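Going in written order, the chains are labelled A, B, C and D, and every chain counts its residues from 1.
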Amino acid sequence: MTLSRPSPQAPHALRDAFRTVRSASRELAAPLSPEDQCIQSMPDASPTKWHLAHTTWFFETVLLQPHADGYRAFDPRFQYLFNSYYEALGPRHPRPQRGLLTRPSIDEVHAYRAHVEAGVERLLDTVDDAAWATVEPILTLGLHHEQQHQELLLTDILHAFSCNPLLPAYRPAAAPALRLATVPPAMQWRAQPGGHVEVGHGGAGFAFDNETPRHRALLRPYAIADRLVSCGDYAQFIADGGYQRPELWLSDGWAAVQSQGWRAPAYWLAPDDPRLAFQGGGATGWQVFGLHGVRPMAPEAPVSQLSFYEAAAYAEWAGARLPTEFEWEAACADDGMTEMTGHVWQWTRSSYDPYPGFRPLPGVAAEYNGKFMVGQLVLRGGSVATPAGHTRPSYRNFFPPAARWQFSGLRLAKDL
Amino acid sequence: MTLSRPSPQAPHALRDAFRTVRSASRELAAPLSPEDQCIQSMPDASPTKWHLAHTTWFFETVLLQPHADGYRAFDPRFQYLFNSYYEALGPRHPRPQRGLLTRPSIDEVHAYRAHVEAGVERLLDTVDDAAWATVEPILTLGLHHEQQHQELLLTDILHAFSCNPLLPAYRPAAAPALRLATVPPAMQWRAQPGGHVEVGHGGAGFAFDNETPRHRALLRPYAIADRLVSCGDYAQFIADGGYQRPELWLSDGWAAVQSQGWRAPAYWLAPDDPRLAFQGGGATGWQVFGLHGVRPMAPEAPVSQLSFYEAAAYAEWAGARLPTEFEWEAACADDGMTEMTGHVWQWTRSSYDPYPGFRPLPGVAAEYNGKFMVGQLVLRGGSVATPAGHTRPSYRNFFPPAARWQFSGLRLAKDL
Amino acid sequence: MTLSRPSPQAPHALRDAFRTVRSASRELAAPLSPEDQCIQSMPDASPTKWHLAHTTWFFETVLLQPHADGYRAFDPRFQYLFNSYYEALGPRHPRPQRGLLTRPSIDEVHAYRAHVEAGVERLLDTVDDAAWATVEPILTLGLHHEQQHQELLLTDILHAFSCNPLLPAYRPAAAPALRLATVPPAMQWRAQPGGHVEVGHGGAGFAFDNETPRHRALLRPYAIADRLVSCGDYAQFIADGGYQRPELWLSDGWAAVQSQGWRAPAYWLAPDDPRLAFQGGGATGWQVFGLHGVRPMAPEAPVSQLSFYEAAAYAEWAGARLPTEFEWEAACADDGMTEMTGHVWQWTRSSYDPYPGFRPLPGVAAEYNGKFMVGQLVLRGGSVATPAGHTRPSYRNFFPPAARWQFSGLRLAKDL
Amino acid sequence: MTLSRPSPQAPHALRDAFRTVRSASRELAAPLSPEDQCIQSMPDASPTKWHLAHTTWFFETVLLQPHADGYRAFDPRFQYLFNSYYEALGPRHPRPQRGLLTRPSIDEVHAYRAHVEAGVERLLDTVDDAAWATVEPILTLGLHHEQQHQELLLTDILHAFSCNPLLPAYRPAAAPALRLATVPPAMQWRAQPGGHVEVGHGGAGFAFDNETPRHRALLRPYAIADRLVSCGDYAQFIADGGYQRPELWLSDGWAAVQSQGWRAPAYWLAPDDPRLAFQGGGATGWQVFGLHGVRPMAPEAPVSQLSFYEAAAYAEWAGARLPTEFEWEAACADDGMTEMTGHVWQWTRSSYDPYPGFRPLPGVAAEYNGKFMVGQLVLRGGSVATPAGHTRPSYRNFFPPAARWQFSGLRLAKDL
C-alpha cells in the first residue's frame, strides 16, 4: 500500500506523534470505569474498549504484520474481534454485538496496546530508508485513523450515558463556567464572489483519499453566515413550532420527526423531563446533556447533536439554506469567518459523492472511505471532540442524514 | 401557483394533449382485471386503481377546486383517499394501505375520472386569457404528473405480478419476437472533452422545477459508452462471481446483497427456480420476467431492474464507473450515442441534490420535487415504460439506491 | 385416513349436505366485488377468494385425488397456491402473500369449485359400500372444514373493511332494527355443583379430533353467568378506566394495550374518530362497526371483537373470572343458561392443550388440529357468523390471546 | 401483605437463612469482572449487577420501607432503576436497557446490598411478636425471590458468554471430570396408576401462590421415564433428521426452527463451528458450551438448553409424549424415579394456567406470579443452577415455549 504524498516525515518526528496520539486515547478513557468502557448503546456506536483495541488492531494488521519482520501477533483471535469493516481481512465480529465482549478485559486491551506500541517503536528503530517510504504513509494513516476514533470514543460514550436515566457526566466541570456572554453576537452575512475555486487537498501534509483529487469547482455568488447557529437561535425555531410544521422539512426528515418523536436536539431536556428529578430538580428552561453532565441551555453556544434533517429544516425556517461543501471550503479563505472548527461539525447541502477522478487508496485501505460514498451527507469543520490539528479546510466528514449523536450543528448560507 | 415558462400553449393544444394523456392511462389499465388493479405488493408501489384516481385527484385539487368556478367535488372523501404526500392538503390515507381500498370500486374511479375530465373540458371552454396564464401551467404540470404515474402504473403492476408464483404476463407478446441480433454490438467508448457545459433546463417547453435553474458546470475530459450494458454483459458479471465479491460493492450495497439474498437482477429466474415449473419447464438458462411474461434472457437487451448498488458494482467489475448526471447530459450532444432513452433509466453517480439557485415551485406544487432531495440517486434517460415525449436531456428521475422494481440499468463511463 | 365414528351417514344425505354447504359459501361471497374478494388485510386473515379456493382444494386433495378413480386435477398449480398449512402436502404459497393472487381470477376459482363439485357428485354416484366407509368421514370432515372457513370468510372481510376509512357495510341492514330492549336483562349467577363431569365428544355424530377422547373431569362448585357480557356492561369498564389500570391486566395484555394503543374493542369508534366524518357525522356516543356497517353501540348486544386479554381484564374488573372450558361445557346442561351459542365465541380461562389420551387423526388430517396446541386459548359457543348447526357443547375453538378480529366476547364465572 | 402459612419460622432461624442466601449471591458473582456483571445479552436476560441490585431492592421496597421504622432508602433513584415489573410501584427503567446502567457501579451496588442487609438485621433485632407475623412471610418471600434470581444470574451470564466468540468459562473445571459412565443407563418406563391425586402445595413450609390451592386432580393410568432424556439420546434425534422433519413439530415450533435456524440445542457446537478455532481446534464431534466452558458432548448427561418445541418434537420422535405437570408431580411419590431435580428443569405438556380457586397474594406481591399466567408452559424439577433446597414437588417454574437459555430438558411419558 502506498499513499503518495510529497514530503514524508522523518521517523523521529512520527515517533513523537505516535506517542502523543496513543497517549491521548488512553487519557480519553481514563475517566471511565471498566463497565463504562464495555457497553454499546446502539449499533452505530462502539464501546470505548473496542475503540482502544480497534485502533491498535489497525497498526498491527496494516503496518506490523506486513512490514515488521519478526512481529508476533498479540493474540490471533483479535484479528476477528477487532476488525471493523475490512472485507479483505476476513470475517469479523458483528458490529451490533461489540458490547457483548466483556472478554478480553480492559486490562488485556491495554496489554495489547502496549505490545503493539512496542512493535511500532521497534520498527521505527530499525526501518531503513527504502522501507520508510512504504512504512511512513501507513503509520501516518494509522495516526489519523486513531484520532478519528478518539472523537467517536467521546460521541459514543456520551450516547451511552444519555441512555442512563442518571445522565452521568463524562468529566464534571471544574467550576461553573464563567459566561461572559449569554447571547451570541449578531450573525453577519459574509458575501462571497463564487466563480472558479480550487477545492480538495493538494498541498503537502496528510489528507484522506476522499479529499482528492484537488480540482476546480464553479460557484455562484453566495453569502455565508460568519458564525454558527446558536442554541438560542435554535430555541426560537422550536418555540415557533419548528417540529410541528411539515412544510419546513424534507420528506424523510418529517417522517423521522413523527416516527422518532423528535421535539428538540438529541440531548436537550424539556423542563418536564422526568430524568430531571434525578438531577436535583428545579429546572425552569431547556437543559442540555453533554460531556459535563446536565447544564442549563446556553443560548450563546453553538447548537449541537442535530441531524441533517433538523439542520435543513432550521435553515428553511430561517429563510436560508445550508452551504454546499465547496461554498464552505471556499469561505475558509475569508478572515471574517468565525467558529469554522473546534465547536461542531457543520452539515452541508452536499451528498457524499466521489470527487471527479477519485481513486481509493490501494490495498486494504481502499475500504477506508470510498465504499461509504452513498446515502450520506458531508459535514465540514471539526468539533470540540476533534483532536487539535486533526482537520483542515478540505476535510470531509460524513454521516447519514438521521444521525444525531455527533457534535453536529450548522451554519447558514444563501444565494446572492 | 405560477409556473414561469416562456411560451404557454393555447387552450386547444392543451385540450388535445389532455385527452391523449387521459386516454393513455385508461388504455394502460385495460388489460388488467379489477383484482389486478386493486392490490399493492409493497409500500413503495401503488395499485393501478390508485394511480388512476390520484392523477385525477391532482387535477381536481390543484386545478379545478381553486380555479374552476362552480366546480363541485365528485366525492369529498376522495380528498383524503387519493392525496399522495401533500402535507399542505391535509391528512391522507396511509401509503402502505392503498391496497386495502377495494371501495371505491374501479367503476367508481372511472366515473370520478369522467367527472373531472368534464370539469377540465368546461374550464378549457370558458377560461379567459387572464385566467389562462394561471391555469395553463397547472394543467401542463398535471399532464406531466399523469405521465409519470403511467410509468409507475406499469412498474408497480409488474412488481405485483412478480409476487404471484404464476408470473402472469401483463400483455402477452403477439408472436415470438424476431430477434435479428442475439448479441449487442461491441461497446465503443465515446471521448468527451469536458470543460464548461450548460446543464439543466433553460429553453422553451415544460420542465420540472428540479431541472432548474440552468447553469454552467465544469467537467473533466471523460469517455462514455455508446450503448447500455446488456443482459449478456451482466450475465458475465454474475458468472464471474459478481454477487460474491465484496470488493466490488459499496458497503450498503454489499449489506443489501447479503440481507436480501440478491443473486441476479430483480426479475431474473435461474434455471432451477421452482416457479419455472409453472411455466411449462424445460428452461436451460436465465429467464427474465417482464411485461410479456417469462422469456429467455436476451443477451442483446439492456439489463433492467437493477439497483444503483448493482449498477455501481458492475461498473467497478468492468474497470469503469457510472457517469455523473452532467456527464450524461453533456453526452446527449454527441450523435454517436445510442440507447439514450426508451430502453431503461440509467443510474448516474450523482446524488439527487438541488441545483445551485434551486427554488421549489410556489404553492402546493412546492412539495412536488424539492422535499425528496436527500438519500436518492439521479437516473437519466427514460425507459420502455416512459410515455413517448415525456423526457428530455435535462430530465432528472430519482430513486433510492436499493430500488430494483424500475426499468433501471446503466451505461459505463471512465476518466480520460 | 379413517375417522372412526359410530354411524356413517348415507350417500344421499351427505349429497344434500354437500350441496347446501357449498352453496352457502357462494352466497356469503355474493355481496362482494372481485376486488373485495381478493385482498388480505393482515397475515392472519385470508382473502374471500382464497377461502373459496382452499375449501375446494381440500376436497380435491384429501378426497378426490386419493379416492376418486379417474379424477383429473383442475389445475396442478392450485396444489401449491391453495394449500394452507399441510406440510405433508409439500411447499405452499406464503400465507402473508395470499392477497397478491389476483390470478387466478374469481371466475376461475368458481370454475374450480364447479369442477370439484362435479367430481364429488360423480364419486357419490359411483361409490360402493366398501369405499363409502373410507370416503364418508373425509367428505364429512371437508364439510365441517368448509363451514369453519365460512365463518373466517366473514371475520376476514370484516377486518378488511375495517381498514378502509370508508368503513363499507358487508350487507347493509334492510331497515333500522326494531330494538325492543336497549338494556340487557340483569345478569344472574347460576350455581353449578361441580364434581365429576363428562367432557369431550363421545356420542354419535361428527366431532373434531381435538374434542376427544371423552373423559371425566373434576370441577369445584362454581357459578356462571346466565348471559353474555353486553356492550353496555363493557362500556362501564371503559368509563371506569379499564384500559388505564394495569392491575386489571395480565402482563402480556397490558403490554398489548400500551403497544397497540387499545382503548376499546377492535371495532368500536369513539365519537371523535375522524372516520365518522365519512359516515355523515353527528355521532354522540360509541359507534360500532360490523357486518351492517357503522351503527350506534347497542347496550343490550353482547360485546364482541375482544381479545382474551380484554376479556380477562373485564372479568377482573367485575370481581369475577372467566370460566374454564369444562365449567362452560358442564353448564350446557343447565336450562337456565342463555346466549350459549349464536352470538359470540366465549373466551375461557383454559389453554388449548390436548385432552388426556388425545391422538390426532391419521394421515394428512393429523395436521388439522394437534399441531396448534400451544400458545392459544379455548373459546366455546359459536357466533352470529358460525353456520347453523356447526357447533356443539364439546366444540373447541381456539385463538391466540391477542386476537381481536373474531366475533369473540365473554361470560363471567366465579368460585363458590 | 399477609402470606398465610401454618408455622412461621423464628427470627433467629431466618437471620441465618438471610445471611446464607445473601452470601450465596455474592459468591455467584465473584468469578465475574465488573464488565461481565454489567452487560445484557438479550431483553429476556438481565445483567448480574442488576440481579444483585434488584433482589436488594425487593427487600428494601417490600419489607423495609413499609415495615422498618426509621429506615432510610440508600438512594431514592434505585426505586426506578431496579424495579422489575411491579406496576403498583410506579414507572421503571425499561427492561431491554438494563445493560446500559454502567452507573451505579458494581461497588455502589455492593454498598447498597450492605445498607439493606444492615436494615434487615436491625429489623430482626427489634421486631416484636405482633409485627413478626407480618414481617416473617415477606422476608421469607424475599429469600425465595433471591434464590430464583440466583439461578437466573447463572443462566443469564451463560447466555452473555455464549454471545462472545471466545466462549469464556464462567468457572473453569478444576480437572477433567472423571467420567465413570459415558452412556446413561437404559431408560425404564415406570407405570403409574393415575386416578385421583392430590396436587399443589398444602403442607407446612413456604410455597409460591401459584402452587395453591392444593386440590384433587384425576389422572389416567400412564407411564413415565425413570430418567431424563440424555445428550446421547438427543444426538440420535438430530442424526435422524429431527430438525428437518416438520411432522414431528408443533406448528409454532417448526416456524421457529426455520426462522431461527435451529439445528441443535442452544449451546451445542457442531464440529465445523468457526468458534471452535478459538478453543484450540481438533474437535471431532458435538461440543457443548456450559458454565465450565466448551467441552465434548457427554452422552450420559441430561440434554439441556432446549425449548419446549424441541422437547415436544423429541417426544414425538420417540413415540412418546411429555408428561403433564400433574403426572410429573404424582410420580414424585415413586421411589424408582431418578433425576427428578438438580439436573435440568423438565418441560411438561401443561400450559401455565391458574389452579382452581387460585388467588394471587395480597398487596404488591399480587404481581409476583398471577399476571404471567398465559402463553407459558410449566416446567418441573430443578436444575444444576437451582439453589439447594429451593424447590419441591409442587414447584411450578414457567417459560415461554421458545425459551432456550435455561437449564431445561425433558423426561418422557406415555399413555397406558
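Keep in mind that, in the parts below, contacts are C-beta pairs under 8 Å (C-beta built on N, C-alpha and C of every residue); 3 or more make two chains touch, one makes a residue touch a chain.
These numbers come from a predicted model, not from an experiment.
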Worksheet entry | Smallest number of contact steps required from chain A to reach chain D | 1
Worksheet item: Between chain B and chain D, what's the gap in Å when you average each chain's C-alpha atoms?
Response: 58
Worksheet, complete the sentence: Note: chain B sits from chain A at a C-alpha centroid distance in Å of 37
Worksheet entry | Rounded Å distance between chain B and chain C, as computed from the means of their C-alpha atoms | 45
Fill in: chain B residues counted as touching two or more neighbouring chains
none
Fill in: All touching chain pairs, where touch follows the definition stated at the start
A-B, A-D, B-C, C-D
Item to complete: Can you check the complex and tell me which residues of chain B touch chain A?
Response: 85, 87-88, 196, 215-220, 246-247, 249-254, 308-309, 312, 324, 349-354, 356-357, 366, 371-375, 377, 401, 415
Discussion item. Could you list, by residue number, the parts of chain D that touch chain A in their complex?
Written reply: 33-39, 41, 49, 77, 80-81, 91, 93, 97, 99-106, 160, 163-166, 168, 274, 278
